[in-house]
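In what comes next, chain A is part of two complexes: it sits with chain B in the first one and with chain C in the second one.
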Partner chain A sequence: MSDAIQKATDAATGNEPLVLLELIQRLKVRDVMTSKLVTVSRSDTMHAVQELMRQMKISGVPVEENGRFFGLVSIDDIIRALGGGYINDACSKHMTTKLVVLEDDMPLSFALRYFDRYRYGRFPVLNRDQHLVGIICQRDINRALLVELTNELNRIESVSSHMPGADMAYSIYVLREFPICKYDFENAGKAANQIKQVLQEKKFPPKVIRRIAVAAYELEINLCVHSDGGVLSWQISNGRAEIIARDAGPGIEDVEWACRDGTSTANEWIRSLGFGAGMGLANVKRVSDEFEITSKKGSGTTVKSVINIAAPELSVS
Partner chain B sequence: MTLQQVMDTCGIEGVFVPDAQAAVTAAYTSDLLSDVMAHCPDGAVLITVQNHKNTVAVCTLVGAPAILVVHNREIPAEMSDVARREGVALLRTADDQFAASCKIAAALAKNS
Partner chain C sequence: MTILEVSEVLKAEVLVKGEGCQKAIRHVVASDLMSDVLLVDEDDMLLLTSLSSDQVLRTAQIVGAVGVIVVNGKPLPSSMVNVAHDLRMTLATSPFSKYDACVAVYEALKLK
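Take a look at the complex of A and B:
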């Protein structure tokens, strides 16, 4: 695996660096994949596929008709066809049909886990209608990460240069998003922990860090336990930390009841894991300087916590 | 007092101890993770029955250096793996939560 992908995969599994980790969680597969596809139909021969690979310098060709995806012919399939003497057969006879595919709205972090787990060179990408919309390979990921890292660097330099003489703490601008999946206890708490690490690196006061960590953790767990999945985002700018949890889950029927200590809709399994104490929203409210919750039954919930930050102490040279 | 002193004084088994000299300044007894998030002090040993990796995640957020699992409950590999990664000590005792809490409280009081 290339160094960039190894680093990003390590980041996905918890081994730094944070900037790469944030990028691979923010980017979706559709942001990275090749969408201008070269495809063949089922009746095209293996020889035609071989020629296409040679001309376009590609190593895998999807078999697709009118958006419907049937399989993939890889360079290995071509080599076997040449050796087996069936290079003029229709590709439908020899294409690989048992495939692992990705969805275009998956976070890139999921794609990296797939590359690590399955060791394939590429994955077809389908949209929600199960139409083929792209293909993603390791080269696409390398290129996308390099572009995003450059953009991130330019943005940081731009923000710094536009605030001459300003208090360094108030010129800090951080924006991160984390996708949270329903019942994903494997990763529950990781987002909050990463937020805490960033705050520690930036030397924020410990009490402020704890308040932000509590708000982030409780909102993250709520997304995991009570919603159908959602996004936890946080940003720091102008001396304020904002943590926002958005989901498209079942919604909360009685918001006031849900915000009271000790009230929970968690089932027995959730409670056996130590969750479902019914203190989550109350905890978030308690540590926040501003707290907003909007929810409608059947339409999902958005919770926003704002914590005012005192400027970190600047080193005096 | 140090983690080593807590273990020696209270007869506690150290299952994974990354730093035996780590300072322990408090203790907290709870099985509800949100309650731990809200109230567990920094530098505390968390005394709990919750023997799973989510407990470790909460301890890293609140700054608790060690988890004491009671009733000699088994510490699963997943919990150990996360604890090793996060540097949180895992301890175990045959005592129940009340007995373990009393012993640690007495030890902390004697050392303060």
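Take a look at the complex of A and C:
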């Protein structure tokens, strides 16, 4: 496993909260995979597949017809066919059919875990309709991470150049973005936990930390439970903390209703996990000095919570 | 009274000893609804719950709880132990029902 992937895998386990961790959560398998596929159909012979592999310099060929995925012929399958004397058989007889596949909307972190767990060189990628849409190998991941890390470094340098001076009130300037995936309860809450830890390290007043942490946590859980996935960002500058949850859908039909105590569209499964009591947005509003929500059914929602760090502390009870 | 002492009262197995394990408990919340827990503005609280998920610990960290005791003798997923270590949060599991645990903790702490 390459160093880049190893580091990303380490980050995926939560050992290091790095830019890399954000990247591998934000990037989807579809952003990284190869979608220009060389495929064969079930009636093609193993010999034809062997020739294709030689010409294209590839080590595995998916078997598919009209988008429907049937299996994969690997170099190992070809070697066995040569040894067993059945190289002229149709590949459908000897292709590998017990396959581990990835879905195109999974975060890249899933793919990294799969590479680590199964030790395969590549994974076929299917869409929600179970159609083959790509194939992903470790080289694809290395290439994508290199490009994204370069972009991210440029962005961080750009933000750094606009940092306020040390003489400004609460001169700490933090800007972080956390990608939040739909129903990713394994990671839900991690961003808020990290935000709280940073604030504790910076020795902010406990009551302020609590309010910021509660707002961040509720918004993070909301993104996980109600949105199709989004980004939680937070920054502190000039004596105020700003937490923004932004998603691309599905949107809220009645924003006023959604902000009332006890109103929720959560299903039983989400309630069984301890959420969906309909207190989320109301709770965020309660701890915020400024609260804004914009949403439209069918499009995205943006919620902004501002907490004045220098202002008299408000009770959250 | 600390969460370790309360754990003895509740015959609880302490799986992780976190930073707050020696702190005196000043408030107790018994709930399975995490948003309700987030509403409580009390320091050094003990969280009693019958919910066995990572989010219980994440919620407890957000509100600065001294620790979590999961009741009803529920088997806890290994991820909970890992998260408790990461967040340095005390985690215990008790065979008591939530009601019995509440009564026993009330008696032990003499809180009103």
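Going forward, the second predicted complex is superposed on the first by the 174 of 317 C-alpha atoms of A that agree within 3 Å, B and C clash if a C-alpha of one lies under 4 Å from a C-alpha of the other, contacts with A are read in each partner's own complex, and residues count from 1 in each chain.
Simple rule for what comes next: a contact is a pair of C-beta atoms (placed from the backbone, for glycine too) under 8 Å apart; a residue touches a chain by one contact, two chains touch by 3 or more.
Computed from a predicted structure; not experimentally measured.
Student: Tell me which partner A:P206 touches in the superposition: chain B (first), chain C (second), both or neither.
Tutor: both
Student: Thinking of the overlay built on chain A, is A:G239 touched by chain B (first), by chain C (second), by both, or by neither?
Tutor: Once the two structures are laid over each other on A, A:G239 reaches no partner at all.
Student: Could you look at A:N283 and tell me whether it touches chain B, chain C, both or neither (first, second, both, neither)?
Tutor: both
Student: Based on the superposed arrangement, let me know which partner A:V214 touches: chain B (first), chain C (second), both, or neither?
Tutor: both
Student: Scan A:F275 for contacts with chain B and chain C and give back first, second, both or neither.
Tutor: both
Student: Between chain B (first) and chain C (second), which does A:A192 come into contact with in this model arrangement: first, second, both, or neither?
Tutor: both
Student: Both chain B and chain C touch chain A; at which residues?
Tutor: The answer is residues 14, 185, 188-190, 192-193, 196, 206, 210, 213-214, 217-218, 221, 273-275, 277-280, 283, 286 of chain A.
Student: Applying the document's contact rule, which stretches of chain C touch chain A when the two form their complex?
Tutor: 32-36, 38-41, 43, 49, 51, 53-56, 58-59, 61-64, 79, 86-87
Student: Can you list the residues on chain A that touch chain C in the complex?
Tutor: Chain A reaches chain C through residues 14, 185-186, 188-190, 192-193, 196, 206, 210, 213-214, 217-218, 221, 273-275, 277-280, 283, 286, 315-317.
Student: Under the definition above, what is the set of chain B residues touching chain A in their complex?
Tutor: Listed in rising order, the residues are 31-35, 37-38, 42, 50, 52-55, 57-58, 60-63, 85-86.
Student: List the residues on chain A that touch chain B in their complex, please.
Tutor: Residue list for chain A touching chain B: 14, 185, 188-190, 192-193, 196, 206, 210, 213-214, 217-218, 221, 273-275, 277-280, 283, 286.
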